[in-house]
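There's a structure below that I have some questions on.
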Amino acid sequence: MGFFLETLFGGLMAGMLYSLIALGFVLIYKASGVFNFAQGAMVLFAALAMARFAEWIPKWLGFDNLIVANLLAFVAAMALMIVLAWAIERLCLSKLVNQEGITLLMATLGISYFLDGLGQTMFGNDIYSINVGMPKDPAMILENLFEGGLLLSKEDLIAAIIAAALVALLALFFQKTATGRALRAVADDHQAAQSIGIPLNRIWVIVWSVAGFAALVAGIIWGSKLGVQFSLSLVALKALPVVILGGLTSVPGAILGGLIIGVGEKLSEIYLGPFFGGGIEIWFAYVLALAFLLLRPQGLFGEKIIDRV
Amino acid sequence: MMMNDIANAAEASAAGGRRIGEVILDLQNISLRFGGVKALTDISFNVREHEIRSIIGPNGAGKSSMLNVINGVYHPQEGRILFHGQERKKMEPHMAATQGIARTFQNIALFKGMSVLDNIMTGRNLKMKSNLLQMALYWGAVQKEEIAHREKVEEIIDFLEIQSVRKTPVGQLPYGLQKRVELGRALAAEPTMLLLDEPMAGMNVEEKQDMCRFILDVNDQFGTTIVLIEHDMGVVMDISDRVVVLDYGKKIGDGAPDEVRNNEEVIRAYLGTSH
Amino acid sequence: MNASNLLLNVNGIEVIYNHVALVLKGVSLQVPEGRIVALLGGNGAGKTTTLRAISNLLRGERGEVTKGQIELQGERVEALSPSDLVRRGVVQVMEGRHCFAHLTIEENLLAGAYTRKDKGEIAANLDKVYTYFPRLKTRRTSQAAYTSGGEQQMCAIGRALMSNPRMVLLDEPSMGLAPQIVEEVFEIVKDLNVKEKVSFLLAEQNTMVALRYSDFGYIVENGRIVMEGEANELASNEDVKEFYLGLSGEGRKSFRDVKHYRRRKRWLS
Amino acid sequence: MLYRENGQFKASYAADQQIFPILQDRVAIGALLAIAFIVLPLFGSEYLFRAILIPFLILALAALGLNILVGYCGQISLGTGAFMAVGAYGAYNFLVRIDGMPLIAAMLLGGLSATVIGVLFGIPSLRIKGLYLAVATLAAQFFTDWAFLRISWFTNNSSSGSVSVAGLNVLGLPIESPVSKYLFCLVVVCVFALMAKNLTRSAIGRQWMAIRDMDVAAAVIGIRPMYAKLTAFAVSSFIVGVAGVLWAFIHLGAWEPAAFSIDRSFQLLFMVIIGGLGSIMGAFFGAAFIIVLPILLDQIPQLLGIPLSTATTSHLVHMIFGALIVFFLIVEPHGLAKLWSIGKQKLRLWPFPH
Amino acid sequence: MKLRPFALAMALATVGAATLTTPAVAQQANEQFFPLLVYRTGAYAPNGTPWANGKQDYVKYINATGGINGVKIAYEECETGYATDKGVECYERLKGKKATLIDPQATGITFALTDKAPVDKIPLITLGYGLAASQDGGVFKWNFPLMGSYWTAADALIQHLGKKEGGLDKLKGKKIALVYHDSPFGKEPIPLLQKRAQMHGFELVLLPVTAPGVEQKATWLQVRQQRPDYTLLWGWGVMNSTALKEAVATGYPREKLFGVWWSGAEPDVKDVGANAKGYSALALNPHGTDSPLVKDILKKVHDAGQGSGPREEVGSVLYMRGLLIQMFAVEAVRTAQAKFGQGKVMTGEQVRWGLENLNIDEKRIGELGLAGLIRPLKTSCNDHMGSTSVRIHSWDGSQWKMQPDWYEADKKVIDPMVKEAADRYAAEKQIKRRDPSDCNA
């Protein structure tokens, strides 16, 4: 029982971290109908920027304070993500207005290749660390209830809380602000939005910047967990079933999807894995998403595909 | 052959050769809901063989839903559908096609990436019998079959006067021509019943006249039964044999054009006073 | 036409799509302040393209204006973005309505006020739209996708009005609408024109209704203006009557009796 | 004025339905085949065969298969690598478990195994559409990655999980030398390309395209969506599976599941998009572009005598590759095949501008 | 308008045709050509880069000190990204330039090349990796897994555990987990561990980690659940540091965690720092800059501005491994020259002979500037490994500390397994065992 709970917690927290990345997908898809495969590359790029700036800025400015260094690095990395969003809009999206979904998806794959190369050229391809003071050791809770206590990773817990806060913030932004409404309008119909004076290019810069922000937060959390190096971009693959399960257009869906996938894959690996020889979590997540999709083709919270003949 | 016949006979033919027959499609107490929204409520009407039957009504009245029920895109929650006297079970759209029901769409549902020729050829797919392996080899029978059907399709192309665009991707055609191609695709299936959803929408008078000519010719020559949704009252009143009027999912009138035109409820709900 | 109150002046524009297809071959037209001008013609004649060229929505369709000028009160506007134009008071209502399907009616309207920043003004505009379109008020919380075609058309026009325009480019407002609704929509357009002094340039195939509600009309065919004149003059023109209104000398001809041969338009000879 | 079709009238529908109705095209394709079958084997270097032509042919075949699914039937798949893997491991098992199994039979059986799995994973497409389906096909990718690593039966209980084949021959002719491997692939690719072209220009091809362009309308004119989609999955995964067999048997010789990883799936999708969706020729263009470009980019700094570290070069290749993909999508979203036909169009009018 | 990109493509194609058909840059006649397959990008770059730099530095060093009896070494790097197909492409491209020896630097690529090498007559050095059975020179004529395979590595680890427990028999009833990279690389040691488990009665728990290994939470929860007495780590690249971090996060004692020699370098622990204290791994080679060889390289290569990587990296574990690989390559050429002619460029076949007749004794080790760092290695026709000596080093929180004991794989255990596996391979490939007379050729 104790072990089951540990697995469950582990899954929930892993799921929350998946949600964080899934969020980036959802934001961009909602506002521009682009399925952004470059989200993983953006996470890596942001994390690399953060890690290296935190290392370089103290050297350039000649001080030695971890907190100040991290803060400045965060600002610098965010600035870089905004520049990136601007460049993506200017050089790519603005020229692909009105193209089909698959063309846009391919374009983001191109962007993802480009970012992988650019990030590593600019920042190097070694392992770097982000030290934002996350506790690494586990906490033992409820020791009087279970023998040996329940293991809880403090780092994961903090990360999960940050992720949850970020998601809440973004949901508010989308539902309550004029910009959020404009973003949703653009998501529904580029042309109509343009026709009533919503400037597409600015909206896209905003939304890619917001996604860049989400990528940066995800990059910091994952980077501090795993170390910053190329494989970080692969965690995006873990977020895909989450997005699909939750629905491409739903922020709450990203959260719930993340939790379901996180718990599902951990439990499956531990309890079903031994029967299959282990290593099943990666496909289990996808199969789980697929099974849900068969019941609800638009994902758990996805907006119903409104399709009139 | 058949198409050439009509084209030639068209000038001479009036309504004379056409005889309206028995009821072939009978819709009884149809109700359709989407979630909680009622699209159709307890609607009954029938269609006779060889007639031109129009459905009119304001937007959102449920006209398109009605056609979708007839050819199996939507499944009504209540009611019975009798086709050729037999009650029809729940079925998928492609099964309606095998029963000889063809249709066009309000917002043009052509296959945009394909040429005019290929679009109309798809209309004949039910009549093509080759299997996958034969098609992969494209030898003998397959080629003969392709050519045989191509000949039929070319007749339709001639009939609809779209020869010059046969290899053009339909996406590049102007709207009016697209409507015509869509009609051609439906005709290629040699249907016994043709459902037309606003075939004249967005056309100028001249184009409407052309389209009327095609519809009347098809009806005259093949005796194809036609169910028509149209907003242009001039067209509807001129060419229909009987008209059914829907409003907010309910039937408010049914009968010959003149009857309907003078129906108080129909005038109030739909036609308005200025016409 | 009096040049002093000229709001929009389009002078000999050519439009090419995809670098190859020449769609407009020199279209010139004027819209004076406070009038309703109709652009008539069949499908593919170039009406929509003309409107898009004015509102600068061509780029998304891979089209560009290659010749001619477009002036808004004497200022050249070809290089402006659609958003700039909306700020200058020109807004387009697109053909086929294009409401934001997943937004509610009210959210649709508010999205239309994107270029307006003053909260009071936005609220006032919203009230105004609801007075003109009371139907929208009753459907304000419904998702646009689930409203009827007429409501969507009203939503699209109302949404455009939220930007406080001086001029609305209205593309095919009657398309796919029941006759009664068409009348209702045009009545509101006329009302807006009279009471709010909004000028309209409307592209329409429903010549009969369009000429009834507009002041001046242009007939477009094949990317060229083939005829222009005051609305009532056009409505009584024999060619217009025959080809656009379906009227012949002794009243309307029945569609059943349409001749089975192709005729030739007189002005094309 | 070299490329003109003026005066080439078709007297019959059969003539109009040829794959290459224009004489010049027939001449060009004949010349191309002659070069491929005769000139190259005589003069090509081993490097050309092994590093460029063989992978090009095989991946073009896989792209062709994928194009049937994505380009013709409109069902996006990110699991192509998986179907290649099924083909490869399927054929491997037939080859090692049945004595005297000829290579061609094993290859076709491998293709059939891929068909079975392809149809299985195609079933969700009846309910799931678009990008959702794309991600669902990733399930196939990760599942097969896992299965071939973990289920040792598939690898004939090889302790490391890596398998290999040797001593390949067709009707007693050994397929060992680069030229023989190349010719073998070339024949297979030509046969499949022709069959694929035939399918796409006959009734089933039109059904696929109808489903792609508008599925409701397709159903209404009597096309069974299930049949059309599943045949597309079947034919596509058969061809992809055969390509997988060639990749494993002919190109690599020894392989592990990583040879068919998700990167391969993306690579193939790139080929299809860049080459041109819904075009048989596009698959070849796309494969050529994607195989040759990185090799070229790798070598250009060397040729120019600019000393760059391999890491920098590799990153630059990534960047240029990514940028070129975006560039192509912007310039011509319908791919190289479309550019090609525009080029021909211009040539047709040349030297007159209009 | 539209033709512009088209023209561009055509231009590219023409340039391309020229480049592709003729493998460019012919090296000087009097140079020994070594292709260097490396990966400096992708998921495994942090580990691949120092390795690649070590290889390159040694080549530069040899050239700076006059070459191999006057024969300079030409080299060209080719980026594989750890991908098998890219590796094959590199191989095909570079072999045309008269490649005489290849270090594939990845297990997967080794598998793919093992069939090609005999045809092209290019020997493969797979120091510490590759196919365990390829130790058997009777079947694998062109493979040289010098210094050890995954079987000898696993054997050494079990011996070490036995020693900690006070005898191999004390392992009875213990539980040993193997956390491994789910690929041929990670699976190779399993047969040996199974055999050892059978011999000593310990329980073996297999826990695969999906490549590249960024997701291991479930794995380590299982470790926590199973509470193995020891855990062996068979990872590469990011999998190693992630494993250590997860071990920390689940509170598994690092003292019970033992890695293979590919899991015991700086990139694996750097990012974990003090949290990894107590973790041990096999050490094929020591690290550090104290040896005369490294000092000399720093002086002659790096001080001359020729260093392949940053100076700080010199002497790191994987850098040293690259150095050793290239050192053996050079020694093989030297050995071959002694037989086939001093100062001549050796062919692939001659280099292969050199590799088969290596005899690096203590004296030679001293001359090479590696005294005390490696043990003597002597290959033969049947034994392509030459030595199985290995030590263990432990991470003290800031650096690797070498432990004094040397382990040798138990021939009684390994040899029959190698023979069986090699015979099976030979049967599969229809290869005949080499005739003893072939050994002297």
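By written order: A, B, C, D and E. Residues from 1 in each chain.
Note that in this section a contact is a pair of C-beta atoms (placed from the backbone, for glycine too) under 8 Å apart; a residue touches a chain by one contact, two chains touch by 3 or more.
These numbers were taken from a predicted model, which means no experiment stands behind them.
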Lowest number of touching-chain links that must be crossed from chain B to chain C: 1
Most central chain, judged by mean C-alpha position against the global CA mean: D
Cα-centroid distance, chain B relative to chain D, in whole angstrom: 41
Length of the line joining the C-alpha centres of chain D and chain E, rounded to whole Å: 35
Whole-Å gap separating chain A and chain D, where each centre is the average of the chain's CA atoms: 33
Mean-CA-position distance for chain B and chain A (Å): 49
Multi-partner residues of chain D (each touching 2 or more other chains): 146, 149-150, 216, 311, 314-315, 318
Junction residues of chain B, two or more chains touched: 73, 105-106, 109
Set of chain C residues in contact with two or more other chains: none
Residues of chain E defined as touching chain D within the complex: 2-3, 5-6, 9, 12-13, 15-16, 19-25, 38, 40-41, 45, 49, 52, 77-79, 81, 83-85, 88-89, 92-93, 96, 107-108, 111-112, 114-116, 119, 131, 182-184, 187-188, 190-191, 208, 210-211, 421, 428-430
For the chain E and chain A complex, residues of the former touching the latter: 40-43, 45-46, 49, 182, 206-210, 212-215, 217-219, 221-222, 224-225, 237-238, 241-242, 245, 248-251, 267, 270-271, 275
Of all residues in chain D, those that touch chain E in their complex: 44-48, 50-52, 55, 96, 146, 149-150, 159-162, 164, 166-167, 176, 251-256, 258-259, 263, 289, 292-293, 295-296, 298-300, 302-303, 309-311, 313-315, 318, 327-328, 331-332, 336, 339-340, 342-343, 346
Residues of chain B defined as touching chain D within the complex: 71, 73, 92-94, 96-98, 102-103, 105, 109-114, 118, 121-123, 125-126, 128, 130, 132, 135-138, 142-143, 146-147, 150-151, 154, 185-186, 189
Of all residues in chain D, those that touch chain A in their complex: 70, 76, 124, 127-132, 134-136, 138-139, 142-143, 145-146, 149-151, 216, 262, 266, 269-270, 273, 277, 311-312, 314-326, 329-330, 333
